[in-house]
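Chain IDs A, B, C and D follow the sequence of writing; residue 1 opens each chain.
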Amino acid sequence: MSHNSFGQLFRFTTWGESHGPAIGVVVDGGPPGLPLSAEAIQRDLDRRKPGQPRFTTQRREEDAVRILSGTFEDERDGVVKTTGTPISLLIENTDQRSKDYSDIKDKFRPGHADFTYQQKYGIRDYKGSGRASARETAARVAAGAVARLVIPSVRIRASLVQMGPHRIDYGRFDWKQVDQNPFFCADPVMASQWEGYLDGIRKDGNSVGAVIEVVAEGVPPGWGAPIYGKLSADLAAAMMSINAVKGVEIGDGMQAASLTGTENADEMRAGNNGPQFLSNRAGGILGGISNGDPVVVRFAVKPTSSIITPRRSVTTANEDTEVLTKGRHDPCVGIRAVPIGEAMMAVVLADHFLRHRGQTGRDGGVGF
Amino acid sequence: MSHNSFGQLFRFTTWGESHGPAIGVVVDGGPPGLPLSAEAIQRDLDRRKPGQPRFTTQRREEDAVRILSGTFEDERDGVVKTTGTPISLLIENTDQRSKDYSDIKDKFRPGHADFTYQQKYGIRDYKGSGRASARETAARVAAGAVARLVIPSVRIRASLVQMGPHRIDYGRFDWKQVDQNPFFCADPVMASQWEGYLDGIRKDGNSVGAVIEVVAEGVPPGWGAPIYGKLSADLAAAMMSINAVKGVEIGDGMQAASLTGTENADEMRAGNNGPQFLSNRAGGILGGISNGDPVVVRFAVKPTSSIITPRRSVTTANEDTEVLTKGRHDPCVGIRAVPIGEAMMAVVLADHFLRHRGQTGRDGGVGF
Amino acid sequence: MSHNSFGQLFRFTTWGESHGPAIGVVVDGGPPGLPLSAEAIQRDLDRRKPGQPRFTTQRREEDAVRILSGTFEDERDGVVKTTGTPISLLIENTDQRSKDYSDIKDKFRPGHADFTYQQKYGIRDYKGSGRASARETAARVAAGAVARLVIPSVRIRASLVQMGPHRIDYGRFDWKQVDQNPFFCADPVMASQWEGYLDGIRKDGNSVGAVIEVVAEGVPPGWGAPIYGKLSADLAAAMMSINAVKGVEIGDGMQAASLTGTENADEMRAGNNGPQFLSNRAGGILGGISNGDPVVVRFAVKPTSSIITPRRSVTTANEDTEVLTKGRHDPCVGIRAVPIGEAMMAVVLADHFLRHRGQTGRDGGVGF
Amino acid sequence: MSHNSFGQLFRFTTWGESHGPAIGVVVDGGPPGLPLSAEAIQRDLDRRKPGQPRFTTQRREEDAVRILSGTFEDERDGVVKTTGTPISLLIENTDQRSKDYSDIKDKFRPGHADFTYQQKYGIRDYKGSGRASARETAARVAAGAVARLVIPSVRIRASLVQMGPHRIDYGRFDWKQVDQNPFFCADPVMASQWEGYLDGIRKDGNSVGAVIEVVAEGVPPGWGAPIYGKLSADLAAAMMSINAVKGVEIGDGMQAASLTGTENADEMRAGNNGPQFLSNRAGGILGGISNGDPVVVRFAVKPTSSIITPRRSVTTANEDTEVLTKGRHDPCVGIRAVPIGEAMMAVVLADHFLRHRGQTGRDGGVGF
C-alpha cells in the first residue's frame, strides 16, 4: 500500500478528482474466470451513492460505472468473465455545478486537508476538495465489488453502530435491519432515534461523527501472516485510509486494554471440524492470522469539516479569517462509510487469500 | 509492508525466533553519512529489555546488539557512519532455558497465535512462541534507533496512559516523569497506583491490557500522502503490527465519532511562520498528511494470553483440555510496548520523510 | 515492477486491450508543479503511431490522449500543472474493424503469446491479441512523456541500429537524421538501404527483427543503487518488458564478454568538474549507478509472429493445423519500438532520480 | 526488486560487505514444510567458492553457512523443515587479510564502482570493494538453494559458453561435462582450450569476460505474467543485477533481430499432452509467460576491473594518476558466475511459481 495503490497480489489503483471529468480504478492481479458485470459493481456503488433525502448530500451523482478492460465473453457459457488482466473501471463526474470557489480557494477549512495539500504540493485542486473528496471512495467500492468475487464464500456486512454519542444496543443487533433504514443500522430502535438527532444536527448547520462495524463471515483459518504481513495490520491501514477515519479496532479493540488475561482469552472446545472458540474477543484474528471466526473491525469517522457554521481560520496569505462551507454536504459522512468499510474489508481479504494460496498452495488452514 | 519487511524507502526486515540462536534486522535504504554506533541502538534496546523486578518478565535477555554491516569510519572525522548500504543488526538469544515444552507443543493457548500458525503453516516453532514471541520487537526497536537518526529534528516520546481500566489524568501529564517509574508513565500519581494494582494482577496469575500514547514533535507539514499513502494509515498498520495490539487511534481516535463538526474543527490563527492550529484533535494529520502539529497516536495492547490461570482449550488432536502457561511472563506486556511504539513511530516518519523528499525535493512544506 | 505497474516512486499502471473501448495509464508519484499538457504527450504518441505508408501497420489509430486527472491550472501563471496526485491518461480505440476472428480464436500463432495466455488463464481476449497487443505500448509512451518532465535536464534519444542482419555504421551516426527517415535511423545511408530490404520482406508476407539503441545524456552521477536497486537491472527489466524484446545490453553489452580487462576499463583523467572518462564501454553505469556519462542501452526485437506466411501450428483442441495471420501488421515492429525505448528509459530514470533524491537529499553526486 | 531485496512473494534481502564480520541473506515468503539443511545450501555455496587453483582467486573463503532462523524439526518425521517464517542465513568472513588499502582508498579503479559509490553516497567502504564485492553473490547462491526446494520439479543447470572471444560448439554440448572441468563448461573441447588461454590472461596480469547460459527444464506453461510481470523481464533484471553483467538474452536473444518471422516462429505439432514446439527460439517464454519448453537465459560478464596492469585514472582529489589492483583476483569472474546464474534463475522461478499459484490456484497451465 502506497501512493494511490492498495494490495500486493490483488491490487488496485484509484485516480480522479471530485470535479474533474471522471474518477476511476484499475483492479489488477485478480484471478481469471470470475463472472463480472457492470451491474454487480453498480449495486455496490448505488449503496454508497449520495442523494438520500435529508441525511446525505444532495449532490446527484449518477455513479454509473463502465468496464473498460479486463473482461471477455467466455464462449463456452456466454458469460463475461475476468481474464486475469487489469480491469479498468470508469465513473464519470456528472453533477459538478459551477460555483464560486473563491472562498475555498483562499481559505483553509479547519479540520480539512486543504492546508496539508497546499503545504505538501504547493498547488491543489480546490474544486470540491479535489483528490481529498470522499468521491474517491466510489472507486474503492467498485474495487471491493470485484474483490467479493474473488472470495465468494466470505460474507461481508457492515452496520453503523454509533452516531455522535449514541451507540446501538447489541442486544437488538439484526443484520436484516441494515437495509431497512437510511443509516445502514442493525439496531432498528437506535435507527429511529438517530433520525431526529441527525435532523437537528443538519438544521444546526453542523455535522457529527460515527462508528462503523464490519464483519466478515466464512474466512477460513490461515489468512494473514506474522509480523508485517498481519491481516489485522492491513485492515487497520485499509480502514484508516478512508477519508476522515481516526480510529480502528479489531475485535475488542481499545477495550482490550481494560481486560485481564482470563477475560481476554477466547476459550476453546473440540468441535466436529476442529476447535471451536467460545467467544470472539479476538475479532477473528490471532497473531495477525485469521482463526476461522468472523473477522470484526470497527472504525471511527470524524464529523465532516465542511459545515455551514463559521470557524476561525487563516487565508492562504496567512491572515486571520473565518470560514464556512456552503454547498451540499452530509451531516454524517459515516453513513456512506458503511459500504466503503465493506469494500475495504473485501479487498484486504481477497489480497490475503491470494497471498496465502501462493505461499501454501491451500485455500485455508491445514484442518483437523 | 508485507512479509517480514516494513517501509518503502526506509525499509527493514526482521527475522528470528525466540529460542533460536539469534534474532536480527536488516535496515535498508537509509541515507548515508549518519553517525551510527551500537551504543545508540543499545540505549533504546535496554529500555525495552525485560528484567525489571516484578513488573516485567524475569527472562534475562542481554539484548546486546552487533552491527554486522552498513557502516564505515569516515576518515575525515573518525566517526563511524552509515554508508547507504544495508545495516545488519544481530542480537543473540542468550537466555533460553531448556524446559519441558510438551504442554505448549500439544495444546493451543486461548488468545494466542499457536492455533493460527498451526493452521496456516502445518508446522510451528512452539519454543517460546517462536516467531510470535514479543522478542521480535527488539528488532523493531533496533530499527527505530536507526530511524531516529534519519529525522534528528523530530522528538519522539511515549507514555503508558492506561493499564487495565485505570487511565491517567492528562492534567498531570509530564514527560519528565516517564523515566521516573517502571511503567514509562507521564502521570506520577497514576504510576504509583498502578504498582499495587499490577502486583495484585501478578499474584493472581493473571495479566492486564494497556494503552500507549506516542507523540512526535517537530514533524513539519507535508509528510504523508493522500489515499493509500496516508501517514495515518501507515501508522495504523505499524502499531497494529505490534504483538497483541487490537486498536489504534490518531488524535481523538474513536472519540472523534462522538464529536460535532464545530467541536472537531481545529481552528486556526495566523502565526509568525504561517497558520497555527488552536487545538490538535486531528493528532497532527489532516488528509493523511502531517500539518506541523505533534503527531499523536495511541494503541491498545491486550493482556498477554500466557497466564498461569487455567483456561479451557483443545489439543492439537482436537480433544478438550485445559491449559496454563508456566514460565516467566509479563503481567502487563503493554509496559514494554512503550519503547516499541516509539520505534514504530520513528520508522514510519523516517520512511515518509524520504518519500516526501523524493517526490517534492523539499524536507517539509512549502512554507509561508 | 509487477503486475501491470512499473516503478517505485515514479510509478505507472497500464490497462486496456487492443479491441476494447480504450486503453490507458495512471501515472502516480511524480512531483507536483510540472507543466503538463495533452499536446506534449500527444507529440510522443504520434511518433509511435502506426500509419506510415508501407513500413508500419495500416491500422489508423488516432491515439488521441485525454488527461482525466492530476492536473490543475496554477492561477499564479495560468499554466496547467501536475498536482502530485495520479494522472489518468485515456486513449480511445477508434479503429477496431469488425472481422472474422475464428481463425485466431481456435489456433495458436507460433511465436505468439496466444498459447501462453490460454494456458495461464484458461480464457483470453483473442481480438487483436488483447492485452498482448503492441497497443499497450502507447500507454508506456504516454507515461514516458510525463517522465521526461520530471528530468528536464536529461536528453533521451533513440535510433534503430539494426534491421534483420543489416547494422548501421556508427561512423555515420548523426542524431539529426533520426527524424529524416521512416526508420528513426541515425545512419542515413543504412536507412535508404533498409527501404528496399523491408519492402521485400513485406511483399514476401514476412517480417524481420531489429535492434534499438537508446541514449540518455545529462544523467548526473549517483542515480541507481547497488545490488537489486541497480539502474542497469531496472533498465534491463524495462526494455525486456516491451513486446517481442529478447535481449538487452548496457554499454558494450554481450560484446563485453570478448574483452580483456585492459580493454574494458574506461580510463579517467582529471577534468574541470571532476574525473572524465576517456571511453564509455560501461554505457554510463558502474556498479548499477550512473557515472555521469551517457546511459546507453540496446535491445533486440524479434520479428512479429503475425505474418501471412503459413506456419505449422495446433488448434486449441490440440489438433495439427496451419496458421497465417491476415490483417494489418508491421513488417518490422522494431521501428515503432524506438519511441517506446525512449519512454522506458525516461520512466526508469525519473524513478531513480526520485529514489536517489529521497535517500540522499541530492539531485546527483556529491561532486568534486 | 529494489534496495537489497529481490522478489515479490519469494523474497530475499542480502547484506554485508566483503571485509566486514559477515555477510548474509534473509529469505522470506517461501512455503512451509520444505526440508532445509545447511548442507544443501553449502553444496551450492561450495560450487561458487573461490580457491580453485589458478583460475579463480586464491582468497580462501570458507563460506560456511549457518541457518539462524526459519526452520524447525517436524517431530512427525524428524526432518528439519521451513516454517514459513524468514530464514536467516549467515556466512562469516574468515579470510580478510589486513593489507594496505591506501591505493584503493584514494584512487578510482577504471571500470569499477568505486567512483559511483563515492559520488552517490559521499562515503564508501573501500576494503575489498565493500558492498560492490562479488562476495555478495554468495548470499544469492544461498537464497537460490532455498528457491530450488520451492520448485523441486524444475531442473536448473548452467554452463560457461564463451570466454573472451572463444565460444563453445553447441554440437558438443553435454551437461555431464559441466562438473568435469574447472570452467563449468558443457563443451569439453573448448574447456581444455580455455585452460591455456586463461593461463595466458592471468600471466599477463589481465582479465577476460565470459558468457553464461542458464537452462531451466520442467517449468510448466503459465508462469510469468503479461506486461510488467513478465518472467523474461524479471529474469533480465535478475541477471543484470549480478556484478559485472552487461547483457542478458532470452532464447535467441540479440540474434532474434536478424531473423525473419518465418524463421523465428517456433512451429507446433499436437502432442499427447498438448501442443509441442518444434524449436525453442523463444527460450521457453512467449508474451512474458512460460510455454513449457526449457527456459533459456544467457548473460555476459565483463572482465573484472581489478587487474595488475596499470590504467590511467584519477584520485579522489581529482588529480591524474595510474592505478593497478594488487591482490588475489579472478582472471575470469565469469566462471564463478555460473552457479550464481543458476541461483538467480531459481529465485525468479520460485517467485513466479508462487505468484502464479496465488492468482490462479493452479501450479501450472490449464492443460489440454
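By definition in this document, a residue touches a chain if its C-beta (ideal position, glycine included) is under 8 Å from a C-beta of that chain, and two chains touch if they have at least 3 such contacts.
Small disclaimer: the values here were computed from a predicted structure and weren't measured.
*Asks:* Between B-C and B-D, which chain pair is linked by the larger number of C-beta contacts?
*Replies:* Between B-D and B-C, contacts are more numerous in B-D.
*Asks:* Which chain has its C-alpha centroid farthest away from the centroid of chain B?
*Replies:* C
*Asks:* Roughly how far is chain A from chain B, centre to centre by C-alpha average, rounded to an integer in Å?
*Replies:* Comparing mean C-alpha positions, chain B is 26 Å from chain A.
*Asks:* Measuring centre to centre with CA averages, how many angstrom lie between chain B and chain D?
*Replies:* Going by mean C-alpha positions, chain B sits 38 Å from chain D.
*Asks:* Could you give the separation in Å between the centres of chain B and chain C, each centre being the mean of its C-alpha atoms?
*Replies:* Computed value for the inter-centroid distance: 45 Å.
*Asks:* Where in chain D do residues touch two or more other chains at once?
*Replies:* 3-5, 8, 14, 29, 32, 84-85, 120-122, 131, 226, 355, 360
*Asks:* Please name which positions on chain D make contact with chain B in the complex.
*Replies:* 3-5, 11, 13-17, 20-24, 26, 28-29, 32-33, 66, 68-70, 72, 74, 81, 83-88, 90, 120-125, 130-131
*Asks:* Quick check: in the complex, which residue numbers of chain D touch chain A?
*Replies:* Residue list for chain D touching chain A: 8-9, 29-32, 84-85, 226, 354-355, 357-361, 363.
*Asks:* With touch defined as at the start, can you tell me which chain B residues reach chain A in the complex?
*Replies:* 1-6, 8, 14, 108-113, 115-122, 131-132, 136, 162-165, 201, 206-211, 221-222, 224-230, 232-241, 243, 245-271, 274-275, 277-278, 281-283, 285-292, 298, 300-307, 309, 311-314, 318-320, 334, 355-356, 360, 364-368
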